Structures are given as C-alpha cells and as structure tokens.
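The following pair of complexes shares a single chain, subunit A, combined with subunit B in the former and subunit C in the latter.
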Partner chain A sequence: MEKYFDVAYIVTSIPLLLPYIEITFWITVIAAFWGTILGLLFAVAKLSPYQVLQKIAAAYTTALRCTPSIVLLFMSYYGIPLVLSIFNISLDAVDKSVFVLIAFSLQFSNNMCEAFRTAYEAVDPGQMEAAYTIGLTQLQAYWHIVFPQALVVALPNIENALISLIKEGALAYTIGLIDLTGKANLIIAGNYNSHALEVYLSLAFIYWMISLGVQKVFYRIAHIFSKGKRLLLS
Partner chain B sequence: MLRIKNVHKSFGKNEVLKGIDLSIDKGDVVVILGASGSGKTTLLRCINFLEKADQGKASFGEVDLDLHQAGKKEIQSVRKKLGFVFQNYNLFHNKTALENVTLGLTVGRKMPREMAEEIGRKALNKVGLSDRYDYYPQQLSGGQQQRVGIARAVALNPDIILFDEPTSALDPELIGEVLGVMKKIAREGTTMLVVTHEMSFAQDVANRVIFMDQGVIVEEGSPREIFSNPKEERTKQFLRRILPEYTYTI
Partner chain C sequence: MLDYEFLLDDFFIALSGVPITLLVTLISLGVSIPVGFIFAIFRLDKSRFWNKIIGVYVSFVRGTPMIVQIFIVYSSIPVLLKSFFVLLQWDTDIYKLNPIWYAFIVFSLNSIAILSEIFRSALIAVHREQLEAAYSVGLSTFQAYREIIIPQLLVVAMPNLCNATTNLIKATSLGYAMSLQEITLRAKVAANANYNYVEAYIAIFLVYLLLCSLVEYGFKHYEKKLRFYKFGTA
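Moving on, here comes the complex of A and B:
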C-alpha cells in the first residue's frame, strides 16, 4: 500500500513548480510598479493642503483596507466586465492576469500610500527649512534630505507590503490563473488529490526562499541608506 | 545692508507682528530681547521667507522686495545672502558634519566638491570641530551639533547670519562653547541678528539691543542704554524678571 505521507513527492514537485515562479514574479513586479505609483499619488493627496484631495485619499485607503483581498479580486474579475458591458465594451478577450493585476495593484497601492505618508511625516520639517536657508530648492531638499531619510523609515513597511503581495498573489488561482499556487493545485489534481500536503510543503518552501531573498535585498538597501542612524551603526 | 519696514504677520486672529521696522548695517551685532511669545522667531522667519509676512518691505543691499509678494527667484536670491541658525539645530541627519556644512555649496551653489570641502573643513575648524568631520549629528552632543549649525551658516559666507535662540535647547554646561563661537565670529566682523536670552552675550558683544514685546519693538539702543538706562516701563519689567541683580544696578 502507498504511504500516506511520502517525502519523495516534496522533492519531485519542486522542479514542476519552479517554472511558474515566472508568473508569480511578473504579477508581483507589475502590481508593485503600478501600486507604487498609485500609492505615491494618494500619499501626496493625503499630505496636500487641499481638503477635497485629503478626503478622497482617505476614503480610498479606508475602503481598500476593509476589503479582503479575495473579495477585491472577485470584484475586479466579475465587476469590471459587468460595469464595462453597460457601455458595450466587451472584455472577453482580456487575459485573466489583467484583473489579478488590477486587484493587487490597488491593494499594494494602499499599503504603499500608508508607508509613504508615515515615512514623510517621520522626517522633521525643520530639516526641510534648514535646507531652504542654505539655498536649496524644494526639489533639491526633497532629494538630498527628505527622501533618503523617509526611505529608511518606509523600508520595513515596503518590505511587508511586498511580501504580503507575493503571498496574497496565491489567491489568483481562484479565478484560474496558473501561477505557483495554481500549478500546485494542478499537480494535486493530477494525483487524484492525494499527497496534497507534500506538494503544499514544496510550495511553502519556494515561498520561503522568495521571502528570504526579498529580506536580503531590503537588508542591503537599509544598510546603504541608514547612514547617520545610530541604531544601525552600532 | 538690511532694512525692513512695517512687517505685519498674523496667525489666524492672533496678530503676532504689528509693524516692525529694523535696520542692520555691515558689521552690526544686533540682539533682540523679549519674552517668549513676543514674536521674535516669527520676525526672523519672515525675514528669510520661512514664513510669509502679511505685509512688509525689505531691502537687502540694493535689492528691494516685498515680504508678502516676493517670487521664488527673489526669495532664493535673498536666502543666499542670509544664514540661519535654528534653536533646535535642524542638522541633516543623513549627512556627516562636513556634508552638512558643504551641502549648500555643492548643491546650492554648484561648487566643485574639493573646493567645498576645503571651505567646509575651515568652517568646522573655526567652531572647534576639526576632529568631528565624519560624525553624524546623532553622534554629537547638543553643543557640537549647534556648532555644526553655525559652521553650516558661516561656510556660505552670508551677508548676515540670523540666530534664533541658539543656546536655548542646550544643557547649561554646553551653552558656553556655543556662545564662545558666536563671540569669535562676531569679533571677526560677521554681521549678526541674534535672538537670545543670554544677557552676557548682549552686554559684551552686541552693539545694538532691541526689546520686543507683543509684536512691536518697544525700545532699542546700545547695550548700555538698554541695560543701564531703559526708558520704557515694559523694558524695565522684563529686565527685572530676567536679571535678578538688575534692581541693584539702577
């Protein structure tokens, strides 16, 4: 009789899964790209002196924070085509990945917005004024003084947002996108649903490796930019 | 060298400056005295446009401008003539002492790095920090940070340096080193406008003392006139409060 738990399955499914890292990678990179741009815009809106912009940005972040990722994904996948069909625009030809990207870009932008806003607020405005007094323009002051310091403050939050984006990305299989998790489910189905645990363990292992890689990269960046922070020097 | 006229500034309903006139000549060391909340900081901030005055004129050398309506270019050119030393230093925390001092030269004035660093090192030597070039602000004591702040202003060789209570955030034992540096650059002929509660500095170094109260200049004159022979009742009250021995010197 076959063993219930067979380590061999863990080892054999890893090479089957690995090629699908590419899909997960691109979903992450593209969602992170648009999410960062959107997040920056909404952070600027929140920090702007205009009440209307502040309110819009606050509504946006609150709504997104309170929406589970999977609900957002379904809203994107079923909702967007429905709304556009009213205007006689058909999205039948559009790839599933587009809806995944929209959902996760929005989700990521919310996290980034908060990361940017809190980081900006953490840099004492007095340093900005000092930069003006030595003849720097606003842009120069942001670039040389505020941005490098805000980045250090924002890094842990950006790292968390990115890792959670990679993990939440696993939900994309629910609408039939074959990324890492989608492939794992296909392998399990091919086994007539046996040895699911082993396959998921390989999947977890791959996600751990990816997260470790991300952590390493962020550690390097933090090291480069945290000059002058006593905590990280000693 | 610097003349300002009729500066007004309100925050909401709170009228903080009620028509200030002031003139400073080359080589002057002018001290502004006044109780907390009388508008001293706001006045300095209006002069270099960290705060926008509601009304007021200024002339820097030959340049005349409106403190309320000046454009970006004008503001930038005025700031190049002024240095500013802040109460809480406001050093750049991601820069070393030397980088703090040279940033205005390399970025603000596009000076080559070696040249800027030479000026920067000289400025830091002048404030007694020749052994701290590569320290970050958080590795320096308050007194050392403020001396870097002074060096940052001095390095740009401005026409006038504005000081806003440069020793108020310091522990008493560190005040001396900062005042020492200020006296030194004053003796070298630097034109200075100094808000301070350090009466010794006003008495020893200033050639003019201004007493401000509730947004107006109540009285101004030489240190001798202000300290030994104040005319206004408000000035006398202030001095009595701040100089315990004052009652005996009348």
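Moving on, here comes the complex of A and C:
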C-alpha cells in the first residue's frame, strides 16, 4: 500500500501553487482599493454631524460585522444577478471574480471604516486648533498635522484588515474561482483525493509566508511614520 | 421574485442550527480561555523556549486562512485517531464520528492562539507592580491572580474577547466543510430543492445578525458590571 503521508508532496506542490499567488494578489489589491474608498466614505459619514448619515453608516457596519464572509460571498454571487435580472440585465458573461471582489470590498470597507474612525478620534482636537493658530488652512492642517498622526494609530488595524482580507479571500474557491486554495483543491482532485494533507500543508505554508511578509512591510512603515513620536519621547 | 414563504420557513430552519453553533462556540471558548491564559503567562514569564514554540503556533494560526486550518485538521485527525485506536485495540469506526468533534478540535486550536494573544496584551496592560503589591500584602500567587490581576485583566480584555467571540460564531459557518449541521449548512441544504439560494442566504444573514447582536449586547452589559471597581477610585 502507498504511504499515506509523503513529505515529498509538500515540496512538489509548492511550485504548482505559486503561480496562483497572482490571482490572490490581484483580488487582494483591487478589493483593498475599493474597500479603502468605501471605508473612508463610511468613516466620514460616521463622524459627520448629520444624524441620518451616522445612522446609515452604523447600520452598514453592524450588518457587515455580523455577516460571515462566506454568507456575504454567496449573497453577492446569487443576489446581485437576481436583483439585476429585474432590469433585464444578464450577468451570465460576467467573470466570477467580480462577485468575489464585490463581497470582499464590502468586507474590507467595514474594517477600514472602523480603522479610520478610531484613528481620527485618537488625534487630539487641540492639534487641529494648534495648526490653525500658526496659520495653516483646514486642508493643510489635515494633511500635515492630523493625517500623519492618525495613520500611525490606524496602521495596526489596517494591517489586520489586510491580512484578514488575504485569508478570507481563500473562500473564493467556493464559487469556483481558481486562486491558491482553488488550485490546491484541483491538485487534490487530480490525485484522486489522496495526499490532501500534504497539499493543504504547503497551501498553509504559502499563506503563512504571505502574512509574515505583510507584517514585515507594515513594521517598516510604522517605523518610518512614528519618527516624530520617537523624537518627542527622547 | 423572492419566495417569501420559503424565506420564512428557511429562517426557522436556520434558527434550528443555532444550538449547534452555540455549542461549538462555547466548548471552544471553554477550552481556549484557560489554555490561552496559561499560554499567555508562559510567554511572559517562562523560558525563551516556550515563548518561541507558542509564538510560532500563534503566528501560524493567525497567518493562515480558517478554511485551510479546517482542511488540515479534517484530513489529518482521522488518520491520527485511527492509528491511536488501533494501538489501543478499540473497535471504533472513526469515519462514523460526529463531525462536531472535529469542529471542537479545529475551533479550539484556533481560539487558543487568538485568546492567548488577547490575554498577553491584557497582562502587559495590567502592570507588574500590581503582582508585587499583592505579594507585599501577603497574598499567594494564586490569590494575587484571582483577586487582583484577573479582575483588572478582564476589563482590558473584554472588548477583544467580544470580537473574538463574534468572529468565532461567524467562523463556525465554515463548518459546512466538515458537514457540521449548523446554521449555514441547514439553511443551504433546504434551499437545494428549488434553488432558492438568495432566500437561504438572506435567512442565514438574518440569523447571524440576530445572534451576533445579542452576543455584543451581552458583552457590553457584562463589561459595565466588571468596571465597578474603577468607580471606587474615582
């Protein structure tokens, strides 16, 4: 009988999986882009003086915070074509990745909204007033004074949001998108379902390295942007 | 377009999965709160060796997608258990084991890592002097932790524990990969007959929204109660 566990499979499946990092990468980048824009809009709505906007933004974040990614993904995959079919728009020709991108952009926007809001609230209002007293305009004050300080506060949350976006992206295989996880399942199917454990281990290894890489990058960024803080402390 | 009758039926089918979801969540938390706490103390107090080992474990769990962790456990535990049972000469068919046992294992292993990080940051936030002060009035280590450290630690950790719990509840939706009969799987299977997937996912969404909102409300309420000692000094 063949061995159940064969370390060689872990090594040989890594080069087979690696090309599919590209798909995972683009899904992450595009979802992060739209998610950031949406998140910023909702953060502005939450911080705005208008009650209606606050309520809408609060409902949006509560709903998304309570939805598992897989449910959001399928709601996007089945729900959007249904809604558009009322207007006689057929989405049969649309690539599956679009639904994945919509779902994960929404998910990411929720995390980013909270990151932006807490970061903005963490900056002392006195900083803004101080900036006015030395003659900066509102825009200048935001750009030179508030934004750099808020960014330092927001970085750990942005990092967490990005890593969880990459990880949740693994669920895209459920609607048939062939990314890293999708490819891993294809390899296993090609092996007649044997050596699944080895392939999954190499898949986990790749994700682990990506997450560690992201952490490294954010560590460098945090190092650069917290310059002012260190000067004040020393 | 939407089949409202089915939506209502499926809502109750989804609700019938809530006990399984809650059971998995509670067992995982019950295992991981004590173990995570011990891990956190180990990482702060004990040798570099344990710090490294636990650090790698935490980094792996946080750096890989939940679904991949499920795949790994689901394809390795049966084999491990089987050889174990053969060794003990137990006559149990491992493939007839209720999937809920795998769910307990996967979600406990995951939560241990998440909670140990939460407890670690909370332990750092509660200053070491508190422990020394407790010693100086003659408390034992156990008493000091129970009377002094843990009540303060809980206040710091509560918001993160709330997040971890809602994330865990959401993560159990991935139990479908182990054919765990929880909210998502039950509602989805009921939709298979007439392809009412949109209704099914709306029903699932509503159930999770209800469940997570209740959990968040409960935590907020409990946190207020825990803060009582803070008023004493104010």
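Criterion: the second predicted complex is superposed on the first by the 228 of 234 C-alpha atoms of A that agree within 3 Å, B and C clash if a C-alpha of one lies under 4 Å from a C-alpha of the other, contacts with A are read in each partner's own complex, and residues count from 1 in each chain.
Throughout what follows, contacts are C-beta pairs under 8 Å (C-beta built on N, C-alpha and C of every residue); 3 or more make two chains touch, one makes a residue touch a chain.
Because the structure is predicted, anything quoted here is derived from the model rather than measured.
Undergrad: Mind checking the superposed model to see whether subunit B and subunit C fit together on subunit A or clash?
TA: Here subunit B and subunit C can both sit on subunit A without a clash.
Undergrad: Looking at subunit A, does subunit B or subunit C touch a larger number of its residues?
TA: Counted on subunit A, the partner with more touching residues turns out to be C.
Undergrad: Check the residue A:227 against both partner chains and state whether it touches subunit B (first), subunit C (second), both, or neither.
TA: After superposition on chain A, A:227 lies in contact with subunit B alone.
Undergrad: Using the superposed model, determine the angle subunit B, subunit A, subunit C defined by their C-alpha centres, to the nearest 10 degrees.
TA: 100
Undergrad: Could you tell me if A:207 is touching subunit B, subunit C, both of them or neither one (first, second, both, neither)?
TA: A:207: touches subunit C, not subunit B.
Undergrad: Of the two partner chains, subunit B (first) and subunit C (second), which one does A:79 touch, if any: first, second, both, or neither?
TA: second
Undergrad: Does subunit B (first) or subunit C (second) touch A:145, or do both, or does neither?
TA: first
Undergrad: Using the superposition on chain A described above, determine whether A:130 touches subunit B (first), subunit C (second), both, or neither.
TA: Touch partner of A:130: subunit B, not subunit C.
Undergrad: Report the closest approach of subunit B and subunit C over their C-alpha atoms in the superposed model, as a whole number of Å.
TA: Subunit B and subunit C, overlaid via chain A, are at closest 20 Å apart by C-alpha.
Undergrad: In the complex of these two chains, what residues of subunit A are touching subunit C?
TA: Residues in contact with subunit C: 4-5, 62-63, 65-71, 74-75, 78-79, 82, 85-86, 163, 167-171, 181, 196-197, 200-201, 203-204, 207-208, 210-212.
Undergrad: Can you check the complex and tell me which residues of subunit C touch subunit A?
TA: My answer: residues 1-2, 59-60, 62-69, 71-72, 75-76, 79, 166, 170-171, 173-174, 176, 184, 197-198, 201-202, 204-205, 208-209, 211-213.
Undergrad: How about subunit B: which of its residues touch subunit A in the complex?
TA: Residues 48-50, 76, 79-80, 82-84, 86, 88, 90-96, 103-104, 107-109, 136-139, 152-153, 156 of subunit B touch subunit A in their complex.
Undergrad: Report the residues of subunit A in contact with subunit B in the complex, numbered from low to high.
TA: 124, 126-127, 129-137, 140, 144-145, 148-149, 152, 225, 227-230, 233
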